[in-house]
Structures are given as C-alpha cells and as structure tokens.
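Going by the order they are written in, the chains are A, B, C and D; count residues from 1 in each one.
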Amino acid sequence: MEEVEGISRLREEVARLHQELVRAGLVVWTGGNVSGRVPGRDLFVIKPSGVSYDELTAADLVLCDLDGNVVPGSEGCERAPSSDTAAHAYVYRHMPEVGGVVHTHSTHAVAWAARGEAIPCVITAMADEFGGPIPVGPLAIIGDDSIGRGIVDTLRGHRSRAVLMQGHGPFTIGVSAQEAVKAAVMLEDAARTVHVARQGGNIQELPAEMIDRLYDRYQNVYGQQTDDRR
Amino acid sequence: MEEVEGISRLREEVARLHQELVRAGLVVWTGGNVSGRVPGRDLFVIKPSGVSYDELTAADLVLCDLDGNVVPGSEGCERAPSSDTAAHAYVYRHMPEVGGVVHTHSTHAVAWAARGEAIPCVITAMADEFGGPIPVGPLAIIGDDSIGRGIVDTLRGHRSRAVLMQGHGPFTIGVSAQEAVKAAVMLEDAARTVHVARQGGNIQELPAEMIDRLYDRYQNVYGQQTDDRR
Amino acid sequence: MEEVEGISRLREEVARLHQELVRAGLVVWTGGNVSGRVPGRDLFVIKPSGVSYDELTAADLVLCDLDGNVVPGSEGCERAPSSDTAAHAYVYRHMPEVGGVVHTHSTHAVAWAARGEAIPCVITAMADEFGGPIPVGPLAIIGDDSIGRGIVDTLRGHRSRAVLMQGHGPFTIGVSAQEAVKAAVMLEDAARTVHVARQGGNIQELPAEMIDRLYDRYQNVYGQQTDDRR
Amino acid sequence: MEEVEGISRLREEVARLHQELVRAGLVVWTGGNVSGRVPGRDLFVIKPSGVSYDELTAADLVLCDLDGNVVPGSEGCERAPSSDTAAHAYVYRHMPEVGGVVHTHSTHAVAWAARGEAIPCVITAMADEFGGPIPVGPLAIIGDDSIGRGIVDTLRGHRSRAVLMQGHGPFTIGVSAQEAVKAAVMLEDAARTVHVARQGGNIQELPAEMIDRLYDRYQNVYGQQTDDRR
C-alpha cells in the first residue's frame, strides 16, 4: 500500500518535472525525458516514447525495472518507454546513489557536445553547481549499453552531475529527479553563458582553490536544508 | 458526407498546427503557412494570405485543387490563399506521398539558406530526424513554378524532409501536416544548434554508417506506433 | 462628434499596438513608443513618457499637435508625452503620407545601428517588405530636430519604411500605426537573421532585378486587399 | 504601527519585483535575488536562500539588519536568507543613498564578467541609463566582505548603477528596489546588444560630451516625475 502511494507520488513528481523542461526551453516537440527511481526499489518511472508534453500525464509514465524492462501489469505498461530507457536503466543499475536522470537536446549543451569539448569552469555559478568543468563522454553507438556506460564511466567519481555525450547531447543525474532537472537547467545556462563569453574574447578558468571553496560552500550551506545561518 | 467531415477535421487540424508555428517561435506577424492534403482527393487546405495568427480559424482556411486554384463555393473561398500556394500545389502534384507542407522564415534555417549552405549532420538528432545533412534548393524566381520545382527536385529521393531554398528559407514536407510541422520545428532546432556549435570551433560530420543506423532506428522504432518493446 | 469617435478608436488601436511590441520582444521596461496620426487632422497620439506597458491604457495616451505640443484639455494631457515626441512630430509634419511611427531599442536592429552599418538585402523577406537594404541615419544630437530630420532625410524617397539611427536604434513608419509596428517587427527579424547568416560565413546581396520583382509583388498582391486571385 | 505597515508594503513590493526578474529572463531556477531597504531604518528584506520563484511570497522574505543578521522574531525569520545577504548588507551599510540591490546571473552580463571586460558605451540607451560604460569589480573571494566591498568600491562616485563582478556576475543598485531591478533589466539588454554589435564588426564609443548630455537629460526629464513639458 505504502509502495503504491510512493509510486503514485513519484509519477506526479516526474510528470510535473517534464513541464519544467518545457518551461526552461530545454526541449522541442517530444524530445527529452526525465526518469525517477522508486525509493528503496529496483524500479524507475520514465517518459513514454514520442508522447507530446502537452498530453503527458502521471498515468502515462512507464514503470521499468533496472534492466529497462516494462513491469507487466503496471499502470502505463501498454506504452513503449522512452527510446533512451536503456541508458537510464544502466545509470540506476550502476550508480545506486542516483535517484533521477534527465536527457535533453538543449541547444548550447548540444553545441559543446557536437565539438566534443568540455565546458571550462570560468564562472562561479559553474563552480557552485558542478564543482569544475562539464566533462565529455564518448560518441556512443546506439542500441547497446554504450550510452549508459559512457555516462557512468564519465560521471562516477566526478563532481559534475552533467555529462556531454559527444555528437549527441547532455545527460544529468541527481539524488532525485528534481535535482537532475535542476542540473539540466543549470547546465544549459552555463553552456550558453560560457559560449557567449568566449565568442566575445578570451576567458580564463577560475583558480582551482576558488572552485573548491565555492563548490564546498554551495553544496553545504545554500538553500534551506540546515538551521545554521548562511 | 464523409468527405465533408474529412475536410472539416483537416481544417481544424491545420488551423491548430498554425498555432504550433507561433508557439515554436518559427514565424512573425502573418508570415509562414501550413497546408494539408485532403485524404484521397486532389485537394488541399492552406492559410489565407496575410491573415494574423491570432484571428485564424478553421473556416478561414482556403480549399484549393492541385493547380492551386481555389475551389469555387467552398468555405473560405472568398479569401485569397497564401502567396506560396503555387509552391505547395506543385509539391502535392508531384509527390503523392506528401500529406502536408510547411513554409516558414525561421531565423536560423533562413540564415543557412542566405548563405546557400547545407546544414552538416553533426548531431544524432539530425541523423534521427533527417537521415543526413539538410540540402539547399535553388534561388528561385517568384511567380512561376520554380519554387515548387526546386523543392521537389531537391527532396525527391532524399531522406531529408526539409529543404533550404537559397536566399529565401525552409520548406518541409511530411506524410501529414503534423509531420511537416514537426520537421519545421526540428529543422530550426538543428539549424540553431549547428550554427552555435560551429561558431565555437570545429565540428565534424557523424560517420555515415552511424547516421544510417540512427535514422533507421528512429524512423522504425521511436514513438508509440508499434507493439514491440523498444 | 465623429472626430471624437475617431480619436477614441485610434487611442484603442495605439494602446493595443504597444502590447504587440512587448509580445514581439522588441522592448524592455518602459522603452519604445508607438504613435498614430488622427485621420485628416494635424494631430497624433503617443505613449506617455516612462509608463509601464502593463499599466498603459488608451486614456493614458497623449494627444499632440504636429509641433509636438500637448493639446490642452485633451484626455491624458496631464501626462508628459514620450521623450521621442519631437522626432515623431517632425516626421508627421514633413511626411503627410505617414500615419504611424514606431521607435524601439530592439536588440539586433540596435546592433547594426551601433556599427552604423546598413543591413544588406540578402533574403527575399527583406526584398518583400523593405525593397532593399535598411539604411542608416545620422548620429543625431538630442534636444533639437536632428533625430526627426535624420529620419525624414533618410526615408523620404526610399522604399524602406525603417531607418537605423546611428548609435541609437530603429524608427519605422507606415500608412498606419499598425503598418509601422509591422515594419518594426519585420525589421528586427531581418536584423537578427542577417546577423546570424553573416556570423556563419559569406553572404551575398540578392540581384537588384529580383529585389524589384519581389517588392512589387509583395506590395501589390500579398494579403486580402484585392479580389484578384494570387 | 506605521513601521509595520511600511515593512509589509516593502515585502509585497520586493516579492513582486522577484517576478520581474523571471519575466525578463534574468534568472533560472532559484538563482538571483532582490532586496529593499526599510525606509528610515537600518533594516532590509531579502529573498530566502534556494526558494523557487513560483512559491515565493511576501511572508517568505527575510528581514535583516545591516550586518546581515536575521531580525529575531520577525516574519520569515525561520528561513535562511540569500547566500548573497552579506554583500547586500555591506552595500546598505556603506551607501546610505541605496534603497535596493539586485543580483542575477543574466547571460550576457555574466559573459562580460567572465572576461572581466567593461561594457563600452556605444549606444544612447546606455548613456541614458548608466551615463557611460559598465565597470568591472574584482574577482572576489566568497565568505567574507570582499564581494560587498568590491561593489561599493566600484560604484561609489560612479554614474553606473551596475557593476560586473569578475568571474561572477552583475549587481545593480537603485534608490529603491524597483530602480535596482530596472537597472538589472537595462543592463542585460545593453550587455546583449553590445555583444551582438561587436560580433558583427567594429564598434565605437559615443563621444563623451554626447554621453553627458544624454545622461543628464534622461535622469532629469524622462518619465512623469515633473510638471515640465519634455
């Protein structure tokens, strides 16, 4: 019973977060997807393939196991899940700390990915959020585990919660679907800002020691999570 | 009777799709137009010339034959059809598989068209949707069949459902008006992304074999059209 | 009585058109202004100075004579008119065919103006609407007639209904306020598109003969103004 | 009693102004903040840390003294104030004429800040609003007074109400929170326009004497604040 309620709440949350992708201008047409792990279970919910953001409801989301198979008999199981489901599943299978995964083709992140170029950490907002540059993952073949493996191999042990898959686009992760969406939004913002900055002239990476301090502070004292004054 | 209902449904659909052009930011003022073929008939409906998107209703759309002549006595026949009607008619006349045509002056697609430069296929989203680069059509003289002929000569036998008419702008086609609008949206997205990518440095076309695999997969397994798991 | 109704209708129209500037993204905060000539009278209505677009109503507009003086006792006469009123008045005084004037600081038009560079006519949309390149007016001193004179000296006898005042920004004119707003919207669209086109590589002006044919056709057969088929 | 009403009105105003940041596209997710000084008191209200703009209400704002300490027992005092509170407090402490402070990571302003490059005054809109170029402040260490000191040292005695903190982003000030938000909006507009202008070719600063005249006129006669004709 509790689990049913947990999945139902997650569905509502993940459906709502898809609208955040639209609002932030990160997706067009039916592209992009958000998934969220069912707390304490080897399951996640994900966008169905090729469904319009206007029509997407919580009941449309597809419940999958960590091999990416649809759970038979579950709500929405008659729908095909996102064509990126295998990549999401791979991430959940190999990174137990991840509670949410997001994929978009947001313009500026894809532009860096098309060049296979990491985004240098030249502004404090990147240091705060990603703790350094945004790394590039491999040009992956479709139809096997290579996208998922590329994401995990790049992000495991890395501060960044975002990876630019070469020639393809960004994937972001988080402790929750909400945090993964936040990372996708902040990534596109950083990708656009650093692109514009460099078009106008020379840019310079922030000192490593400054990045460390900013990252540490933002991760630990930003927001409302503690009672300490910040 | 059935045909009347079919035309009526098509009018509603094509009127609605014009709003998608506005929402996607592909058109300004009264520019741009969508048409849709009446299923099984040598007729299509198209935007009237110079009418505001705010005011456009299903009843305003103009019913034309495949020579671009307004059907006398039909709903909306007192209105002049789009100044691009001859080009749409030429496409329907020569490409029986086409069910919808879209023309816009969307910023980045027009920018490539102004240079007469094909958009190289450097990202998987382009391989998925267009199966390769977006081709350029001729700088066409207005007032005869040369725009329509340029579209057909460029797109016939080509995977791409979009063509950049030199010095003018994009036309897209699809099996339905909806698919042609989708192609117009995805085209502008690709045109913008590849522009930004190249402004920032060198880009490289995806390997041909990879493009083939991506295109084949996307055309056959994306979305909800089959019962197979994907 | 008829005149009162005429002014009242014009106020409604000009108030509404200010919202089009907002919707098209041509203005920020209280910047920009639209004016419209009272048909058959040496009077025009214009935006009050420094008033927010959210709060602007038809009654707020200020009625001025062609020397730019507020008409005493008229509705809204307690408000100061736009700081650009003298320039609008000069245009109405010297170009009797003009029924509307618009001024904005829209991003891309101002960028060309900052360089004092005319926008070359490289796309058919510019040929249709402006009949050639968008010309540059002088870097004008504020506080006398030099802005108005610069607009009139540049646009008189020119096909273009838009001028880029150097170091300042665009002014557009039309037979009505609506047509002047249309020109402002199409200008920013052209300014952005040609900027993007040239950032990506070489561009080339359309042949003069082609521009003439496009301009002639668009001015005479586009839209719903005649009964002829087009 | 009067003071309670004054603070309540200020809370409403500052909450409303946060929505202006969203509307103008200057902020993403929970980034950015507005504060306003309580008239005649050594207190100000500021955004709580990490709270969504969708959920932000007047009651959520945090009341602080000029050392940046939350006023115990005040409305919203259970919330942590913005992580930029120390910088705002420093400004209020050292610039008694300032009634409002705004911080954003708006794209183009941050791009100039990333290069540590002042925005040259090449358009009349900048002369009007800022009276010259937008200056750059130091790359400041986080966690002490160095951001606030950098803002004050740069803006004190300067016409500009905006400073680009190197590697970080813009802060703007005003006699009220509304004026500081206006400066943030106009700054991003100028930063974007001058960036685009320079991408397209050479730009040139306006003559100093012209800047002085424009600034003087705009500050003294623009808007509805006097009874003089302008």
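In this text, contacts are C-beta pairs under 8 Å (C-beta built on N, C-alpha and C of every residue); 3 or more make two chains touch, one makes a residue touch a chain.
Here's who's who by UniProt: A, B, C, D = L-ribulose-5-phosphate 4-epimerase.
This is a predicted model, so every value here is computed, not measured.
The minimal number of chain-to-chain contact steps leading from chain B to chain D is 2. Rotating chain B by 90 degrees superposes its CA atoms on those of chain C, with the angle stated to the nearest 5. Shared numbers divided by all numbers used gives the overlap of an interface; between chain A and chain B this overlap falls below half, so the copies present different residues.
One finds 32 Å separating the Cα centroids of chain A and chain D.
Each of residues 199 in chain B touches at least two other chains.
Contacting chain pairs in the structure are A-B, A-D, B-C, C-D. Of all the residues in chain D, the ones that touch chain C in their complex are 24, 122-125, 182, 185-186, 189, 192-194, 196-197, 199-203, 206, 210, 213-214, 217-218, 221-226, 228-230. The residues of chain D lying in touch with chain A in their complex are 28-31, 48-51, 69-70, 79-81, 83, 105, 107-108, 110-115, 117, 139, 141-143, 167-169, 195, 198-199.
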